[in-house]
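Just so it is clear, A, B and C label the chains in written order, and each chain counts residues from 1 on its own.
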Amino acid sequence: MNEIVLYSVLSIGSLGTLMALVLYIVAQRFKVIEDPRIDQVEDKLPGANCGGCGYAGCRNFAEEIVKAGTLEGFNCPPGGSEVLSEVASVLGLEAEEQESMVAVVLCSGSRQVAPPKTRFEGLNTCEFAHSLYAGLSGCPYGCLGEGDCVVSCNFDAMCMDENTGLPVIIEEKCVACGACVKACPRNIIELRKKGKKSRRIFVSCINREKGGVARKNCKVACIGCGRCVKECKFEAITLENNLAYIDFNKCTLCRKCPQECPTSAIHEINFPPRKPKEKKENKTAEA
Amino acid sequence: MSLLTVSGSPHVHADDSVRKIMYGVIISLVPAMLVSFYFFGLGALIITLTAVVSCLVFEFLIQKYLIKGPVTIWDGSAIITGVLLAFNVPSNLPLWIVVVGSFVAIGMGKMTFGGLGKNPFNPALVGRVFMMISFPVQMTTWPKPIPLSTQLTDVVTGPTALAVIKDGVGRGEKVSQLLPKVPEYTDLFIGNMGGSLGEVSAIALILGGLYMLLRKIITWHIPVSFIGSVFIFTGIMWLVNPEIYIDPVFHLITGGLMLGAIYMATDMVTSPMTPAGMLIFGVGCGILTVVIRVFGAYPEGVSFAILIMNAFVPIIDRSFKPKRFGEEVKNG
Amino acid sequence: MKTFKTGGVHPPEKKFSENQPIEVLPLPETVSIPLSQHLGAPAVPVINKGDKVKTGQLIAKGESFISANIHSSVTGTVTKIDDVIDASGYRKKAVIIKVEEDQWDESIDTSDTLKKDCDLTSEDIVKKVNQMGIVGMGGAAFPSHVKLSVPKGKKAEYLLINGAECEPYLTSDHRLMLEKGEELMVGITIKMKALGVNKSVIGIEKNKPDAIEYLCELAKEYEGITVEPLKVKYPQGGEKQLIKALVNREVPSGKLPIEVGCIVHNVGTTFAVYEAVQKNKPLIERVVTVTGINIEKPSNLLARIGTPVSAIIEAAGGIPSNTGKVVSGGPMMGKALSNFEAPVTKGTSGILVFPKEASQRVTQLNCIRCAKCVNTCPMTLEPYLLALLSDKKRYEMCENNMIMDCIECGSCHYVCPSGRPLLDNIRVGKAKVGQVIRERK
């Protein structure tokens, strides 16, 4: 009995020692010398591997940033400036302040304002629908409503609104990684400056058709009338191909243009409600 | 006028559905079912009903309350699992074991992987092997067939033909001495022997297989390569030493080979999809069956062989691609 | 009976209009002629708003090699050159002409007399085909002069004429073969001259016995032309499948038929070539089959290019009240229309009207790995795998599994008992892989 115990202990023990030795030798022999800062930088990153930086995951981003030795051209959208300044401190660099951004859907063609003219059947991805036809409402620029952007979001920051058929971005969760921007085959989603108190003004339409044509399919399309351009004192609004665009770097959030828009294609978000008096004026102006 | 539908081509669809395929399989199982009722009487009927009903109930419960998805019990696949499971057990098996087997087949074999189409292993075989290992005594107590009996208990039991030979050879007896102890070959062919209730009648199973071939539910590749490789492999051994190894015809018409080759191995979900892959799969099943039957611990190896080969299906699918159009250019 | 070996399906033929002679569709009030009706670069307009144009006058020029000229199909005034909604709902540039009368350009021979002799040289024939804007009329609309110019170093051996018309419902090619048989034969000899080949085979599926018989009779008078009956099987009219069926050669993956010494032309194209070369008539009209289960009068109509689809359906008895889907082309490869105002183009072979109950797809279920798609694929691909890989965005693996060989015939989707949108997925994957391949270059 004792012998059995002895032999098994001896054989297993020596086997273990042998293995450990082999492992040690292999580890020493094939050791990859790596910059320790890569690990440190990686630790500071969010670790979501969202790809928003343009690299294949956080590790790759860390490798590249350490190799480059500068922060220029590197951005971690989900981490924002906080993470970048931490990374900068690891590398002994100065981080510049970066504006935080948020994804914005530039289409308001809900089922109510842009009624469906056809029925779609088949693979439920925007990519396929885009290659097949112009869309339920007939607007060749509008949202297809199959939700490729929602699928692409790694942060649960998007969902489809069942009622309107449009995607909704949950601001608090959005880290502006840009995955949805890439996923949308019609480039409807744009990363815009988050703005003071998350206040933003933007044209929620990318239709470049002539006013009448666009209006036929969707009541809230930008018809390119140019009233907002005239109203804007800061030259923030440009009109090109029948479409107004508000440059978020120039916009001062003065709230003049949304009132002017005849199709209410210009949206203002997170502002306090207007005074009733002003509203009345607005209404008479429209009439 | 209603809204126009926009969709990708094609705009027509063949008159075929999962349900049609599944019910086609069920129809093809009818001859074997009738033979089993004839030889094993009421017991067979009760076991079959129990298995089918419990498979349906378990699938319903899981789909409705566990997955909370659409309930698709009437697509026929659960019925097939139930029937095949019943076909794989002796007719005097206690009913609660059948229910447990159904639960394992549907629950573990099918629904854990996501339901029809996702399971890597044939659910009925998972259930059968589970019962085989958990309840070996009950699972190998084979009643002797009594045509048109209505008795439920006190049936005469005995070993299967395969077990007779295996045990005999194991004790050192010669095949020629053992042969009188097993039924005549014609009886074996028709199904007049002890065994699981659906596997006994080779002729009824072949009939069903032909029906499925005709309906294009299965292709010839798997049954032919499976049965063929068993025939060739056992044939070689028989030629080497007919005193230890019994002849190949005996191997073909006994045990679950026909049932396995025609119904279990050809299960669409768990078999390869390319013709070349199907042939490899069939040959693999055949060789494993013989290895287990002749050299293994069990007298019967079809279920294990198929389950083992099921595990190889993804790699077979990846390695044996069809010959692509235009791959070899022949000018003439 | 010859046919291609691997795969294929046989959907119900439903050729309701096969005994309807070709009728001339009256001129519509306006036509909108798209500038891009063919594969390749869009044509560039050479007329202006307000110009008067005659029937057959050149209105847009195809400037690059792979492009085609566009001619006015009516006489009238150009009201505008603007975007119009095409079949898919997207906007495409088109010339819109208000129809006033039907005065043909003087250079065109409008008589019906058969002109057999052609004394043009091979280069002149190709030039003529190019000038007259002839494109493949089977559906893909590939410019014909490109096909007729054999690249250097290659040699054409056979001219194969596609009279298979393997798509269910469609009968335009069938009627053309019956009514314009002589012209077809002359067209074939012209093309044989252009290509420098002395053998030509016309492949016709055997569900058109009258056409086979008639053309067999005619072919006796022409040297080198034979007629080959084919087994009824879809997609026999696919270029690669037809070559396999008729001369038993396989076009290598990613290569053109010229690689195996074959040129394939549709019967419609052949007729157009005849008219272009012998009668100086550009491609301004084509035979369109209008059919469907509920269509009152399924017919084959000779329609001018640019005629709105609604006018064509009107001529066949109007749009049935329970219409659920309108398809341009055949049921297997056609495109579903999102509106009725889309114009007929050079590639429109038919207009199909499906009732509501037939326009919905079957419910989608899990793949049960039945391998029907693998057995049916005429290119011996694995549609289930390609669809899965494309769905999971594994485009590299798609490429390795030869997704680019897919001819989008739709057989896989047609047979799938689970009703899975296999072709939809494969199309997405194909587009992506194509993009990747182009970027690599």
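General remarks:
Quick note on the criterion: a contact is a pair of C-beta atoms (placed from the backbone, for glycine too) under 8 Å apart; a residue touches a chain by one contact, two chains touch by 3 or more.
Model, not experiment: these values are computed from the prediction.
Ranking every chain by how far its Cα centroid lies from the centroid of chain A, the top place goes to B. Two chains share more touching C-beta pairs than any other pair, namely B-C. Per-chain Cα centroids separate chain A from chain C by 43 Å. Spacing of chain A relative to chain B, judged by their CA centroids, is 53 angstrom. If you average the CA atoms of chain B and of chain C, the two centres end up 49 Å from each other. Residue positions 4-8 of chain B are each in touch with at least two other chains. For chain C, the set of residues touching two or more other chains reads 89, 336, 338-339, 360-361, 421, 424, 427. The multi-chain contact residues of chain A, meaning those touching 2 or more other chains, are 117-118, 121-123, 128, 132-133.
By the touch criterion given at the top, residues 116-123, 128, 132-133 of chain A touch chain B in their complex. Within the complex formed with chain A, the residues of chain B that make contact are 3-8.
Chain C makes touch with chain A in their complex at residues 83, 85, 88-91, 336, 338-339, 360-361, 421, 424-425, 427-428, 431.
Looking at the complex, you find that chain C touches chain B at residues 6, 9, 11, 89, 168, 240, 244, 248-253, 255, 260-261, 319, 321-327, 329, 331-339, 352, 354, 356, 358-362, 365-372, 374-375, 378-382, 384-385, 401-402, 405, 408, 410-411, 413-415, 417-419, 421, 423-424, 427. Contacts from chain B toward chain C in the complex involve residues 1-2, 4-14, 16-18, 20-21, 72, 75, 114-118, 219, 268-271, 273-275, 317, 321-332.
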